[in-house]
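Next come two complexes built around subunit A: one with subunit B, the other with subunit C.
Up next is the complex of A and B:
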């Protein structure tokens, strides 16, 4: 789960000064525009992005893709480098998988529960055991083990890579400066964008899936390692130094142990991101649980998709809680406990083996698909259309498309290209700094150069519409939760589950409710992004200085006035962060919305993967990257404290 | 768990590094989930449409229960599946709709894929309108009259034009070129996946609304939503050679099976079985319908079919 702690440092910037600076920036921008726009207009037509400024990448990309396929079994680069990488992945995953199968369901369950017991106590141990048994009950034991095997390898690799990078960045300022923008950027990119390049090199299958997962999941580890090493208490370090220790001793005995909390948080985030990626990677042949979800969706079988989705959620919750507890908990209280746990686990595994009960028995499988499908069927029958007064969901979707999505898209595409850039510059500069504004403008210009200006604006319109809905609902819910403990308590488990659900599972119910097109893609994006927005809003509002609240209520402010005039302004940084997170998460799902008729960039990316036409896919992927970068920079508050989690 | 697995991983990978002084050909690496615990494993590619799932379900059931194999299935789209097949990450594709470019590359040039014979089913892609609408307006079934009905086929997505609904981006389609070259007042709207398309068609059918869709047979949905094909200009050999200038209907394709060459040669009984696997459109539809409409699991559906068609599959095992 995203451990987002929006620490809102209440800044008392006088309103007039703020306004003054904003006017200043806008004036400067207007001046620049007055000079540049006529020039650009004279040179190239206005309207859509000028053809003269685009570069066609599809030809060289298609050639590169063909070259790779033709030379994959003969060129030394593949035989002596990528071949080994791929081989190592296959062998490691195979080995872990064999160990998991060899331990049998009883052994794996016992091992999981005992590890959870040692790390996090009895309650989580019971939860872990129950989670594993549920996976078996749902008939998903083998896929769960496949996903787990893939995860173990990917997480180990991510942790090693991330920790090494973080170690470098923690010790060297220069490396830190070089790495930080890269890591920042990698964290805002939709998972989907990572799939295409690895497929290009490794082809479909587990090696590509593992590598995409590593690339996606290593950044949080690197970032938090570096943060932990840098955050070590100066006085402690000085004390250690005064004892005459060498730099290496200082690192091993003081800095790394002091960074334990950050390291474990990094592990937690890496695991969560790896899990979400392992599911999406089923699109490139990762197998396991994600593949079951994907296959079930192909036959419109929401029930079966859910049967595979539940184990993913359970794995996510268990892994999150256990690693989270490891971060908070005290140091392992004695090696004896671990030894007992290990012996017990081995004993259970051996017992299972002797009884010949390695595979989950078929008779213990509970079929949930049917009742779930009946419920979904009822929902679509009764809610789809013709509901008196409010109209059906399909009617809403049609109205939303006609009255919101179409005008926004047509409006964006109608705007002259330079005015889009100007708008982005103005917004980014007002919210952030000139640096973020420049990056945003350059990213948007890159989209034009790639030749996908139109589809990108289409995607952008969907993102904007989804973000607007998310922000309205999210802020309202967040305010309600911040003002009432009961609401917050009721919401928490819901948010937990929704944040860990694989994005795929959302897609089919939204199609059943909203039909095919951009509206269901937007709906799925809203549902996916809401939990993070609600969380950050609630936290931000709750952290507003109680003294400020009290003084205002002593002045006789009503609770509505208090909210509007004290809480919301003081929580401004948190609200901006919520917006930023909302935008990033929405983009990730709008892209996957290509699978339900979202069209635009998402469709191009899906098309690229599906047709093996990597030229189209990679251009779309690059445009997605640019769009993500632009959206992040535009909404990036001057000082971003925390990062996206899973 | 971590300790043990790290030890195993470290041991195995260092072993790999030590022994691997030569080249590592990644096109010869099987799936890591294959052949676990000495079980004989066959990995089959399942494409996203239900007909292909039916083929695989029955093959899987027979391989598992009659020949003692463990069967893994992986869902891969059509073109990438060829690539995966040539690399041996899947052993067989049971239903291919014709990919001349890939056939040239992998079967003729590289010889990493071997044809596995006819599936016994003939596939056909076309444009369809629901039969209830075709009965009221019989002339809609000729493409020349489609523009007359464009206004009735409008949706929010297609704007001022009529909607021609296409399915998954992975399917073979010339629809954009067709709409263009036949001067039709239609907008191609991609549902994005077959699941989304089916859901949408059923919603339309429930309200008896008119619609025009890209569809293909054999397909179980015809049993649920009867649809009538719209006649396009007749298909002639080679009329679809230039993708941008296509102005003719889609061909009728006898669906093919393909096997990985290594597997075809050394796959033993499984390879022999998959080569003989051949059934009819009716058989396939029967199983598809059980999976997609009655929501039986593919395994249950396969079992039902196997129990009642012994004579058909006995021939595949001999």
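Up next is the complex of A and C:
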């Protein structure tokens, strides 16, 4: 603790004030600890979380789950509400799926390309067409259409729900205040945590998958709708009001059109998150591409996983670019263009139908699974271990596990439970406010109460290791990119692609490289979190006031001095934000890492789902939520709150 | 203040019901703002004291004035003096805390929502400092927006808008978006939008502050031209004294939410009400503002030729030219009758700013 105060205090500009405040906080905390720790120690002893303080939830949860399963077909709540919801979802997904199949591969490809052409121009239209054809070539046409059908329904529902919530929050301050913390929190929770509650109510299958996707993907739409409505130029609204408009006229003619950019960005984010979730939801029976990856990973069949993973990446990139271009571009001018596009798409679909070529022809399928598996086999034989000087990838993974993951995990689990809470409190309070510290401590304590202290600390150790690696690489890359335009230009396309890929996909290459275990899970998390950290760091450093830089170089500062004394201190809020984002993203993937042998909470959740033991799964899910909450609050800088309030 | 209003009333005999009549207007921001105008002790506090005692800020404090039909009424003051709040209170874009506002004798504060909308739609239109244009609409549709709000059909409102667009000199730019226009052109769109609804009063909130000096002068001349052509009543908010003197028939000078002086430009420059106003107008070229009516010595030039023959509202600068050319005193004439005489000494007094002291003695 002392090292953190010592290093952070002199760096801050109002040095003495901050040092005072930090010392103040620590002293207060030490005082509280001095009183409480002996008490706690005497009452419950040190070591792991005391049994006396845990509550066993598995029995009531199991009962609840049994009750739901027994009553699913008879209780009026299920018959008249959830049943209808579930049926509506199944019917609409199926209807979209049939339409997509009915249009045939040629029709769907043509429609996709023509929509992309109208929205984003010729280049993206070609890209879209090529992406669809690649899906077919890889033999993934049907799963792609399954995923797409699920996505269409989920995105439509998310957009409606999100836009309505956002509209409410944009117009009513009270609703905004109520909704904002909920949306903030939902944003930091790992996607996995959403799966279990919907499975509890709906059982495994498409309805649960769609609803989990909606719950996960609607928040960005709601948040950005509200932001757009609130961010409208005050003077424009005043001018509109001064002309005697009614509230409805103001909304329709001014506020919504002015929020167009945010609305389209919300659509973009919702689509991306829906894709990410639709893939993950394969573990609860979503089917489609995600399911192929899931099955392939379960049998460590990297080739098959890659064949299903490539279409996911292509879908992600195409969807992101096309919706992104819609947000940037000016309004589509020609209605005639759309009409032509539609007619052409229908014509292609009809032609495909008449020629009897609805299904992707088998002879056109390129089987990549086999060669890929051969390549992976070769890698396993030659690169896994025993490479002279550098060692092998499996060796690295083993070393990482032995020398980093194990000590961190054992260390955390060895620490007395109260000292873990104290550490969290101190860290959160130093970075944020007493409120964030309190939330963090309560969340961590809740994990203890749930009785999953041990596995949670295991997960936490993986997160810490991954975050450390991410931050070191991310900050270094970010600084390099901020200092050199060439590096930034080279990095940008890479970051763009990496940031659009769903979490699930990252598991494929790490399994190919490192096999299964905790180290691959950490590696996937690092790769997933890196782009965001690099990007935020670069932006933060680049946005440092140029006047401050100019004045320091006019005083003859070397570029190293400039970086250390001007750029880094001034970019501190951005660096903290990068850390915060890094932690949130790492956690999401470490949890999914349970699928490739990451163990701990992620494994419990998967195991719960797979075995139908929902009680275990739900407890693990709740612990994941608490862990996510704790990690976010500990790394939440004060600035973020104040900025949002302003 | 009331004496100022009266003295102006005497001068301007043709005034009938004022367009806007404001009396005892207060706008207080902060917790429990209502109590402050009602409480004589609180309402007499200085702004700083008020803020520390109650946490409230009084943006407009007990302001009264009338805006007459056809005049350009300028409210002028530095930033934070409450002038922008004041103009927004007139159509209740900001809800006043206390006092009365009447438009054509009708109480604005008593209006219900639909009546107030009616007022904003047809009787008073506003031009804003940062234009307040809708970025997603073309120039033509921006100008037609007020008519659209009123429920007018597309063809009709576009036809009317096109006329106004031509009137403010933007022909050929109808289909552009605001982002494609320069600042001056954007404000012409703002002006056209206000004119399109054919309002009884135009309200200007620092409309030219965001423009370059040269463009600003063009726009000021545009307003002068419009006023000359249409005779529409205007309330004009500005922090620029020269703009106020150039445009205003009468000027209300505000400080800390109060009107410290209300009068014609000549009255403000010629007889400042207090040191604040005096300091404010110190660098004004007086010969450009003062009229010969003030500068002249009463009396007759004793003939019917009226040597020099200056109109009574000619500014001193013109008189200087005439007197310098003829090297003789000039006669001030109104309706063919001689009012008085200006000579070198009188004119120099005005330029030097010494005539006040003589009158005060």
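Assume the second predicted complex is superposed on the first by the 611 of 646 C-alpha atoms of A that agree within 3 Å, B and C clash if a C-alpha of one lies under 4 Å from a C-alpha of the other, contacts with A are read in each partner's own complex, and residues count from 1 in each chain.
Simple rule for what comes next: contacts are C-beta pairs under 8 Å (C-beta built on N, C-alpha and C of every residue); 3 or more make two chains touch, one makes a residue touch a chain.
Nothing here was measured: the structure is a model prediction, and the numbers come from that model.
Clash-free side-by-side placement of subunit B and subunit C is the outcome of superposition onto subunit A. Remark: in the superposition on chain A the angle formed at subunit A by the CA centres of subunit B and subunit C amounts to 160 degrees, rounded in steps of 10.
When both complexes are overlaid on chain A, the residue A:204 reaches subunit B alone and has no touch with subunit C. Of the two partner chains, subunit C is the only one touched by A:233; subunit B is not.
In the superposed model, A:242 makes contact with subunit C only, not with subunit B. Within the superposed three-chain model, A:190 lies out of touch with both subunit B and subunit C [touch as defined at top].
Look at A:260: by the touch rule set out above, it reaches subunit C but stays clear of subunit B.
Judged by the number of subunit A residues each one touches, B leads among subunit B and subunit C. Between subunit B and subunit C in the chain A overlay, the least Cα distance found is 24 Å. In the superposition on chain A, the residues of subunit A contacted by subunit B and by subunit C do not overlap at all. Subunit A meets subunit B in the complex at residues 69, 72-73, 76, 78-80, 82-84, 86-99, 101-102, 111-112, 115, 146, 149, 152-153, 156, 199, 202-207, 282, 284-285, 287, 291, 294-295, 297-301, 303-304, 342, 345, 367, 369-370, 373, 380, 384-385, 394, 397-399, 401-402, 406, 507-508, 511-512, 515-520, 593-599, 602-603, 606-607, 609-613. Subunit B makes touch with subunit A in their complex at residues 1-6, 8-9, 12-13, 16-17, 20, 23-33, 36-37, 46, 48-50, 53, 72-84, 87, 89, 105, 110, 155-157, 159, 165, 168-170, 189-200, 203, 206-207, 291-292, 295, 297. Within the complex formed with subunit C, the residues of subunit A that make contact are 233, 235-236, 238-246, 249, 253-254, 257-258, 260, 331. Interface residues of subunit C facing subunit A in the complex, by the touch rule stated above, are 88, 91, 93, 116-122, 125-126, 128-136, 145-146, 148-150, 190, 193, 197, 203.
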